[in-house]
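What follows is a set of structures to go through.
Okay, so chain A shows up in both of these, paired with chain B first and chain C after.
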Partner chain A sequence: MVRFLIQPPCLRRWFSDMDGTLVGANGQTPGRDAISLAAIGVSKCFGELQALDDVSMQVDAGSFHCLLGENGAGKSTLVKCLVGYYRPDQGNFLIDGREYEVRNPRDAQHLGIGMVYQHFTLAPGLTVAENLLLARGDLPFVLDWKREKTGLSEFMAQMPFRLELGAQVADLAAGEKQKLEILKQLYLRRRLLILDEPTSVLTPAEADEVLGMLHGMTRAGQLTVLMITHKFREVTAYGDVVTVLRRGRPAGTGRVNSTSVEQMAEMMVGTHIHVAVERSQGRAPDAEPGPVRLQIEALQAENDRGTPAIRQFALQVRAGEMVGVAGVSGNGQKELIEVLLGQRAAISGNILVDGEPYQATRVQMRQHGVYSLPEEPLKNACVPGMSVAENMALRNFDLPPVSLGWETGWHVRPAQLNRRARELVEMFGVRPADPSLPIASLSGGNVQRAVLARELAQPVRLLIVANPVFGLDFAATETIHRRLAEARNGGAAILLVSEDLDELLELSDRILVMSEGVIVYEVTADSAERAVIGRYMAGHETHDKELVC
Partner chain B sequence: MSDASGGIAVGSLLLALLGGAMRVSTPFLFVSLGECITEKSGRINLGLEGTLVFGAMSGYGVAYLTGSPWLGILAAGGSGLLLGVMHGLLCSLPRVNDIAVGIAMMLFGTGLAFFLGKPLIQPVAPTLPSLVLGGWSSNTQIQEALRINVLLPIGIVLAFALRWAFVHTRWGLALRLVGDNAAAARALGYPVIPVRIAATAVGGFLAGIGGAFLSLYYPGSWNEGLSSGQGLMAVALVIFARWDPVRCALAALLFGAAGALGPALQSQGMTSGYYLFNAAPYVLTLILMSMSWSSGRSLAGAPGELSLVNR
Partner chain C sequence: MSLLPLVAALFVTAVLFALFVASQGYPAFDALALVGKGAFGSTFAWQNTLSRAAPIMLTALCVALPARAGLLIIGGEGALALGGLAAAMVPVALAGWPVLLVQGLMALAGFVVGGGWIALSGWLRYKRGVNETISSLLLAYIGAAVFNFLVEGILRDPASLNKPSTAPIGDRYVIGAIPGMDVHWGLVWGVLVCIGAWWLMRHTVFGFAVGVAGGNPRAAQMVGLPVGRLMLMACFLGGGAAGLAGMLEVAAVHGDANADLMAGYGYAGILVSFAARHHPLGVMAGALLVGGIGASGSLLQRHLDLPDAATLVLQGMLFVSLLAFETLNRKGAQRV
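Let's look at the complex of A and B:
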């Protein structure tokens, strides 16, 4: 909280001191105050699937309310009903004790309810300023850009983080986009802000910055926050009240300071469970790292805009070793993964797998056992319109036993394909457990599980993984981490690119830090220090720029 | 080989090219501006070729019946608008692909125009007036080259107006938002489908006018061979112009010049081989398209919702 006491005067209007009294710049209190919200008996079906079943909850005005639940529990669906993005089949919402019908997001906006979605809702082809104005909605027919720009600059000056108004959104890093989403809502002076996993693309420091500011606003009585998250740390640090959903039904609610993390976790999964993940993932101490599996030499590649994204990049991963690549998103990680998976052509440099040049062809992948979990798996590793079963067979649909026939197989056997998919769905806990659904209808976490199931079912020798637990609940995170460690212990080489430093520290044998397309630091897991890695991740000037005020 | 001393006078060739460019480019200009609006909303309307032909027919018919070429223009725009609405509505049905609908609409538009236009091949409709800008010169060639049609300046002004409107008006911003990220537009409460239908309708209106130019100014009659694929080439042109209306206008002039190359050479006395140059616009289309797409990079400036963009 201390950080808000050193804001310039202009900022104070937005915040209060610790007692919750307002310290308005010229003694005025803001005109609009936080609102309360109640959901009563909300139900929603998607076809056969009951995503929400008679859910009621109460969010007090000025509170910081956290919503927890496993992947696919219905959290996003609930809040989308609330803001009018979906129509609930049953139930209604009370705002400040009065019933309102919210037919579409516009209605919610008029009531002062704003939402930051799990997926970005920015128009990448438009500028920061245009995105902000469009969100405001009450635009005159002809815009007075001069006046609007002044207004926007004044607003930006009051915020703890700033973005360039004229910048095109496509050029922003993921973390900056997330900040813009939140700025957008603050610009609209919301009284109730709903956040769907707002911190998944932020570094821990950025997350604290954003949540700390919102927390300050709830203390000032200006804002009510309803936040969906998978991170217990954020719940305990910022939340007042927590509500848990389980498979579409409310599983409990309580004040954060009187609910332990174990209790929350128990409510989420419905059984007693150990949250403290044992650090059993480490390699057996006597195991020697094997031969070099993946070698990258002097790799250069460009991003979509044609500017250099990876420069003179080099690394080695040995068999039985997990190498973690840390870094703030937008420093070339995405391009690196794309080059390794054959989605992007390198400008120069070599990629060797088992000492042989590697071009990521299907034959080479099979020959060397190279498998992967790219980020945004729905886009990068799935055919969204195909069923879960078909997606799970993308690696082996043309091989026995899934298909039969001359040499490689030209006749796919659906029975085999479905049987295999059902096994994997069972083994990896993909939900809903119906492999015939189109994969695009699964929640984000379940898509991730389905893809990981497919990849790990293969004879993996080299695994390339990007943000494997992005948006996953703690139980799924646990499972996936265990499976990665098992694969490594079984002799696979693993390259783990992640924005989550905790994950890297927990799993990797060696950590590299990537900044502006090069490796700037390397350290073994034993001697790794968070603070040092954090400093290298932040680079030199990039971070300072964002921490204005 | 009129000139025994050999060669073709470069000056008069350029003049002929300029005049031809301004004539030939007008339909390109209108169709591409229309397509630009439609594509900004996130949809492609390949049916504009059909709209163009249908606009040419209906414009000619109405001009003939009423005696006013301006009413003809209006009728052409109106019928284009209807075809646009039809495309827009069809594409709004679930699981319908805009490119497939566009191809169907192209065949529908041309087919219907040929069918309804049969009785219009003989009669002569009044043509659009032209502006004589070359009155200061006594050179008939200059006079001829600078005799421009009224639609050309209207189109150029429209191009600048559109560029301005995309940035400075509420409708412009909303249109770009819908074309850039439909989910975001929906989340902000903008009506995605109505905006797209409206954009396709306006696009059809402009394409219809482009068609009326063919039948009411140059060549200035109705027949089934009137269009030579301008409607389709305009789609390529919009991509080349990176969805900027003013660049659309420049590209239209370039295409116009390419289209005028063959006739200009012919008018300069070249008697053989000039028809090779008639292929210039098509060759130009191919060259520009292969230049626009460089592998591995997304198309800068492309509306994110277009089915040809993968972002």
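Let's look at the complex of A and C:
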């Protein structure tokens, strides 16, 4: 079977130098230039759902092209068609002005199209070097490690950011893993890179570093970048052209420097909406913080590998106050949340709620009104196999009116359980509005809404929140931020741990910076400066590992 | 919930078994017909099947209840043996006490000892992170060894010469047959326990909490449920059901505790629980099916001269094809 309809000379050259010694993927090799891409009338249906409807777009060679859109707007479907995971029902793609049939991801790879996913596709048990070689996929039976190492070192030396080749991927922080994903694509000499929300696991500084570097490569004409994102800041800072999809159709396209954020947002959601400005959701200035609700003293905990993740950690959250914890992912935030939620045992230290020792038992949660909104709610806060209604009852299935009988209730009453779920679904706009569906069948935003509904329907006095809008669309983000601000204004104490500095600046009253398991900086939101926070997030020990070979 | 995987598995099993029988030089179709006849072909066959189904539905609960808590326990055989042994000691110690009281205490002893045995696996899993499937299987072997050690040692009735046994429980305390049938009351016990287990797991606060802990332990911890205790309880109840099966075998079939107690009912329960997708009511139907296969053994032996182990081959084939079809079915569901 013939793989390509046409095999252009540049591809043949590329293949021929693949079996030679690997040289760096920078401008040294002629003919390795950025490629252009055009989609023409692409349509794709999944059953009843028209995911893409006659989408056309043009991505110029060497441009940094942003693809914006709400969850479910068809961005992922479009790029999956492009890289061969799906076959479009109609339409086709032009690469450098020629039509190619991309039947599977391998075809896309041969055309020089690479993709970096939202979630990592690395082998955690292997080293950086092994992951890079693995990606090549054409390895001989016996590896000449000496030669490969030399090649890899040379490659790494030419890269704008570096990773230690011998480091275990499992030991890398999220930001470093994402860098490795991108390095992998550059190592394979991709000329068109598709990024699916690449910065959702990165700090602003890391995001700036990675995107800035990719931006530089587009300027040098080595690479074309097509990036799916939710973050307007990244679009305005790095994008050349932005295309907005809405419900599977192109909602508009334009040069970034002549399109305002408001215009982009309007294209995305279809109506004129209020774009959040910094501190728009802060506490009313006259409100006084109340008594201390949550107090953590000298807390120590280990991560899954048994090394210290939280060291002598202390903080306080008062009633009516939202305290934001900023930090590069992998600095103990995950472990902190798990300890507070009762999912991980602390080594030592005290957690006091309302001045009393707190062990995250069900009784204590009720007594003190401690509820939470963990990250990845399907994994941390839901039972995937149970229905939406059952998941919404996790907090109160053992209380009247849901259960009835001897003592605190013996018999769970499905009718009551469903009635309550229907109310919550209505109140919080969970879609589809059918509480009998398994919760795993809902989209991420709707799972988050369902969990939010369950938690906020309780008498909340202390709310523990982690990355609440990770990967959610614009509208869902707005809803969740508004609900959190309302809960705080209603007198609840909120601990908000987030990797999104914009979110923290927008919502919290006080910002703490967590680095290497301790709080290294504290500032009130009014006097917070992005640059200062960023410096503390980076920590005194640099996270950029030097190249050692 | 689709019955398709089960039907497909039954069909494939029939084909495989026919091929197996034919490869041994026996008439394949006759063998299949005899299995049907020996299981459900006559009143006598039905009674034989039902008698075997009673302990199997209880040992199946030993898999089904922990499964609701997310644990895969396959050591029901050990709980059955030790539960039966404990039950056999009660009438020896309390000879002369009222019949119903002694039978009740026998059931309690069987339940507690069997439950404690399986709870060990749950405890190892929760406290030490030991895989509960492996630990329960190994504990089943240890349980069998302990059983033999005691029955051939200090608990041996000196009167049992060829076959080491404990002292007989005495005719008074034997559980008799349901009037008008040649099936002992154990069947009714089994059915009642299955219905009780279903109600407990599907309609109570406890069952809901166990389902949450099994469905996602992290979510259960987040809402403050005592995951470890729920796992332990589910293991205890499951093991208790298997221990009860041992008590019924002692009190209704053997009249004492001896090595015949370990007839493979504990392992047959694994098959039944999987066939029923760990549903406590489905377990009853599954127990009929597997009880029927066991009951057909003597007919196969008499008419075709097939060894008794042929029914074990049939059971094994059924289990493997069931697992294969269930897995395929789940994969298909994910693809959509």
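Note that the second predicted complex is superposed on the first by the 428 of 549 C-alpha atoms of A that agree within 3 Å, B and C clash if a C-alpha of one lies under 4 Å from a C-alpha of the other, contacts with A are read in each partner's own complex, and residues count from 1 in each chain.
FYI, contacts are C-beta pairs under 8 Å (C-beta built on N, C-alpha and C of every residue); 3 or more make two chains touch, one makes a residue touch a chain.
Fair warning: this is a prediction, and the values are worked out from it, not measured in the lab.
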{"item": "Chain B versus chain C as contact partner of A:372, first or second or both or neither", "value": "second"}
{"item": "Which of chain B and chain C A:384 touches, first, second, both or neither", "value": "second"}
{"item": "Touching partner for A:395 - first (chain B), second (chain C), both, neither", "value": "second"}
{"item": "Touched partner set for A:505, first chain B, second chain C, both or neither", "value": "neither"}
{"item": "Chain B versus chain C as contact partner of A:525, first or second or both or neither", "value": "neither"}
{"item": "Chain A residues contacted in one complex by chain B, in the other by chain C", "value": "none"}
{"item": "Of all residues in chain C, those that touch chain A in their complex", "value": "203-209, 211-212, 215-216, 218-226"}
{"item": "Contact set on chain A toward chain C in their complex", "value": "341-343, 360-365, 372, 374, 379-386, 390, 393-395, 397-398, 403, 408-412"}
{"item": "Of chain A, residues touching chain B in the complex", "value": "85, 104-106, 109, 115, 117, 119-126, 130, 133-135, 137, 139-143, 145, 302, 304-306, 344-345"}
{"item": "Contact set on chain B toward chain A in their complex", "value": "167-171, 173-174, 176-177, 179-181, 183-190, 295-298, 300-304, 311"}
